[in-house]
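Given below, in the form of structure tokens, are the structures.
Here come two complexes built around chain A, the first alongside chain B, the second alongside chain C.
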Partner chain A sequence: MTTSTVTAATSATTPGPSAAPDPARTRLRRRVARWGFVAPAVVFMLLFFGYPLVRNVLMSFQHYTPKTFFTGEAPFNGTDNWSSVFQDVLFGKALWHTLVFTAGSLLGQFCIGLALAVFFNRRFPLNGVLRSLILLPWLVPMVVSGIVWRRILDQDTGVLNTFLGTLGLDGDTPWLTSPDMALLSVILVNIWIGIPFNMVILYGGLQEIPKELYEAAALDGASAWRTFRSITLPLLKPVITVVLVLGFMSTVKILDLILALTDGGPADATQTLGTLTYQNSFVELDFGAGAVVGNVLIIVSAVFAVFYLRANRTEGK
Partner chain B sequence: MNSSTDETYHRWDAEAMARCGKQLGVTIEQQSVPAAQVMTKALRMASSKSLPDIVQFDASEMPTFAEAGGLVDLRTLGLSTDDVPEGIVDFGSYKGTYYGAARSVNTLALFYNKDILDEAGVRVPTTWEELRRTAKQLTQGKRYGLALSAGGAEDGVFQFTPFMWSNGGDETDLDSPQVVGALDFWKALLQDGSLSKSTVNWTQADVNDQFMAGNAAMMINGPWQVETLNTKKSLHWEIARIPVPEAGADSVGPLGGAVLTVPRTGDAEREKTAGRIVACLAGEKEQLTYALNSWMVPANEKAAAEWRTQVPELDALADQVAAARSRTAKLGAGWSGVSLALQSAFQSALTGQSSEAALQRAQRRATSGN
Partner chain C sequence: MAAHVPTAARRRWGSTVAGVLVLGVMLFPLYWMLNTALQPESGLLQVDPVPDGLDLSGFTKALDDQGGHLLTSLVVSFGAVAICLAISAPAAYGLARFGLRGSRTIVFGTLITQMVPGIVIANALYNSYVDLGLVNSYVGLMLADASLGIPFSIVLMRSFMVSIPGEVVEAAEIDGAGPVRTFLRVVLPMSRNSLITSGLFAFLFSWSDFMFALTLNTTDDVKPITLGIYQYIGAHVGDWGSVMAASVLSAVPAAILLVLAQKYIAAGITGGSVK
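The block that comes next holds the complex of A and B.
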């Protein structure tokens, strides 16, 4: 293959006597053009994704400390970082919290998002206005939502407890201050944040489903539930996969929201892989250990990315 | 580079730098980044060989940078420590080398709402027992007797140290009876209802908000809050030393504050100039100006004496500073790991676990190097 390219290249530089299209030449030109279009993307990927990724994997096998920044030396220490991270009780806890947090958030966001999408798929007055209003949580920066929610959920002076109290309910719920409640509260806030994204994408998917199908189902006398199960869900499946996979990827690496709400506390009750890698790297400045946790996160995401690509491929066939 | 991201601090620093720059015939540029980013930013700059000539580190972070070999010994640059008390020289030193010149230092004290205490007819508590009784007595309706921060960050640990140290406890031995005793005292305050259950989620700034809003009669906090406190004219506050376990015991608080350091840039000439700038900024005159602005205590003895006459209401703070202790004196760069273990421990204990079990786990975690 290489030889043919080289000969073709020499022939391309020497002006040919005849203007007749040379099949080898056009083929070459096409190939060059093809690579020319792909090249910027490849360079970009290698530079901004490949390099950090490789560095991160390498770093997890290195004794990487503040000293490294001066000397540039980070001695390899085998699997020391990995074994110390895996032996840390906190890692197990963080992994579990991450799973619960991700599963809980996705379930809540998706169900409510889907319900709202189906609701807005009908025509009624103010539909557009309401739909835009629901997007608001999405527009607010995560840290801002976090700080506002921290105030809302304050046990003594928070709006939520005060409101519950005036309703005669338990107005003393320790939302963020009890290790048993904190993870749940953080999940609830994240659900609130994630609803708009789920709703918008699912709503878009619903709009794609041909109206005739529903008309036909109505003529056949199908119930609303039956229509939803036999028409809406199957036709919406590709969109559902996209929503869940994208949702998974952004949820599993959660950091900002938790830092703003609880800082991983109380008593590490909301420590996730994201906050742990942050703590290892930027508080304890043990970059090797931080890289290990980061790599675990990457592996988890990669596994799901494979599922996603698989699902897409079968859809394509 | 410093962490003066607040407009007022940024301005004070800019003015001080302008004065020193004029005196020395140099132009000084100020770059401020959030406090939590000073260390990581400085490390990045170190690897790209673009370190600034002077970095102001939080004193608890300085040892990490010094250990990495990134700082120049200030004494070799001609800085004198003659007028600086030994405790504060130690505060700016790592393994016996003086790397950081403090302009001012701070510590924690007991702030109290004078009106509330007068109304209830109680005296300012000086012992733990009195603090517990007074706090309980002052807890009424929505108002708590005391507010402090037990948040999951350095804030909470900073606030725990005066209780730990005054009780004879030590950061190298987290599960000693003295540390357990200090944590049990916090637990008792919480069980009495004198502390809000949200304590575990509060930063020191939150504590100050609660105190200002009248939701707490007393608080443990530092002088950097004074500027905010004084914005509320109707609030009459005073400060006292943090109560001690038993009458007559020493009230040992944590020394806080930032130190000016000269990073190793390799350019001897610039390092020398940087040393002269640090000497000017940390000189007696600039210290006094800075301390009066920021309500913190000057590090220099002569400046501190002058400061006491100018702000007599903060006299208690100056006493507390004189007896205060640096967090990193014993552990150096190892402090951050112990601090994380300790945060987790007191949060577990305040939310139900026994202090002993929580601290034993913390000690294990701190010594395992994780």
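The block that comes next holds the complex of A and C.
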């Protein structure tokens, strides 16, 4: 190694026939060194993202039992896992809950986030301080937020019902304990968590829109709503796509929040594809069934990843 | 004209008042967490809107029960940050500058990783970890938590390093510095801000991690605070004061970072997601 460095260095100053093989070798060495920068990350991502994808497909065709981890045996069992998962009523429920949860969360987060972004896009005292403090809910560990809300939403002694009671409203709402209410409550809490993220990204997008456009619209006497519809929304469109797709991908796979709030209950009313994967694999130790649900979750995400990549490509232009 | 100015000023302060109200609603649950933590006697009863006095016994109890888990979280998170930066900073530089064949595919793959659900990763990882003896180990959890920050960090740092002028790097190379030295002495110091932002987010991702902690641990050996609190509510149903005190403690790093490193956080949210 050291000698070749020396020859490479001298050959640069003394041209001659002996120098002929060296440029090729230095080029090779440089290429190896350059790949050395990227290789660890590629290996890591293959191990922690690529391999699990492949392994999950394999696992979904294998029979896992609690004994597997002592014997190491998980024989292939054809499509048994797939058919038993698809025949389970719970799977259909979980799929439906996932879609409702994702759509409801995104709608709420986005609309409120956009409204706040427009609000903060005006100039007023303390704007910057207020805007950064609003981020706090997003930075607290999600499982912790879930636990705090569990206390707030408690039917008998939670502060929300106490508050509603003093207003003369129904102060006895079973937010998390009634199967009819639980999914809605979980969505509402997730909206609260997602508002800051939506607001910050949309605010960044609004800041990019040239002020002159608004001045021109004002000169033409356009109403606020008209200005919003004809200037703000069209110019914000790329950012809107990105925020919705990123929101989708983080919402569809949710697990922490639901475990902290309801553990998937009551009566499986808040079971989603994420929690069902967890329950199959890590509670019942049926990793084959867990892998099936996980694969469905990936397929759902992949469909939307196409939208994401499209959005990303238009962003790059 | 003269009357116009005060009206505008008043309207601006009106917006500030509205903004404070919005903030109040958004932060109310966090206030309630602190408020409940300061009323450890309330147990399963209703909590008063404002604590009577400064009763810190909930915090002492939470520290006794959960202090070790806070420490575990800290160790795991710092380890995850170190792994994350050591892997993603060179990669970001390589992808930004070297024009390697396949760079585009790698960047594309990095973006794709964001759609792989964590529970799917855990599902496969648990099985490999059992074979490798990494279940219930610090290294195992650090590696898994590092995976939360690596794609984000590569994308963020790469988009910054692309903008480092080529002449700066070439000048270093003419002075005889190899690629490694150029990277360490020239590129990294210039990328300080994006490095800090990446590190910060890697820390937050790892600190907030619950799923890997839950799935890759079967004993109490390596239990971060998120898992600690989750199991705490199972075991201490009547003791909401201590649970909330532990929650407050787990939120402290986020609060500190928000105050000290506000500009990096805002930059990270927009830069990491839009680019």
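One rule holds for everything that comes next: the second predicted complex is superposed on the first by the 269 of 317 C-alpha atoms of A that agree within 3 Å, B and C clash if a C-alpha of one lies under 4 Å from a C-alpha of the other, contacts with A are read in each partner's own complex, and residues count from 1 in each chain.
Note that in this section contacts are C-beta pairs under 8 Å (C-beta built on N, C-alpha and C of every residue); 3 or more make two chains touch, one makes a residue touch a chain.
Treat the numbers as computed from the prediction; the structure is a model and nothing was measured.
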item	value
Chain A as common anchor, with chain B and chain C clashing or fitting	clash
Which superposed partner A:L53 touches (first chain B, second chain C, both, neither)	second
Which partner, chain B or chain C, touches more chain A residues	C
First, second, both or neither for A:D268, with chain B first and chain C second	first
Chain B versus chain C as contact partner of A:L135, first or second or both or neither	second
Partner chain(s) touched by A:S84 [first = chain B, second = chain C, both, neither]	first
First (chain B), second (chain C), both or neither touched by A:V292	neither
Contacts of A:F282 with chain B and chain C, given as first, second, both or neither	both
First (chain B), second (chain C), both or neither touched by A:P179	first
Touched partner set for A:V38, first chain B, second chain C, both or neither	second
First (chain B), second (chain C), both or neither touched by A:L114	neither
Against chain C, colliding segment of chain B, chosen among 20-28, 38-46, 110-118 or 182-190	38-46
Common ground on chain A, meaning residues reached by chain C in one complex and by chain B in the other	69, 150, 157, 282
Sites on chain B touched by chain A in the complex	36, 39-40, 43-44, 46-47, 64-65, 67-70, 142, 144, 151-153, 196-201, 210, 213, 215, 264, 333, 336-337, 340, 343-344, 347-348, 350-353, 358, 365, 368-370
Of chain C, residues touching chain A in the complex	12-13, 15-16, 18-20, 22-23, 26-27, 29-30, 32-33, 36, 44-47, 86-88, 90-91, 93-95, 98, 100, 103, 106, 108-128, 130, 143-144, 146-147, 150-151, 154, 178-180, 183, 204, 207-211, 214-215, 225-226, 229-230, 233, 240, 243-244, 247, 250-251, 254-255, 257-258, 262, 265-266, 269-270, 273-275
In the complex with chain B, residue positions of chain A that touch it	65-72, 84-85, 87-90, 150, 154-157, 174, 176-179, 262-268, 279, 282-285, 289
Residue numbers on chain A that touch chain C, as the complex places them	30, 33-38, 40-42, 44-45, 48-49, 51-53, 55-56, 59, 69, 116, 119-120, 122-127, 130, 132-137, 139-145, 147-152, 157, 159, 162, 192, 195-197, 200-201, 204, 239, 242-243, 246, 249, 252-253, 255-256, 259-260, 274, 277-278, 281-282, 287, 290-291, 294-295, 297-298, 301-302, 304-305, 308-309, 312, 315
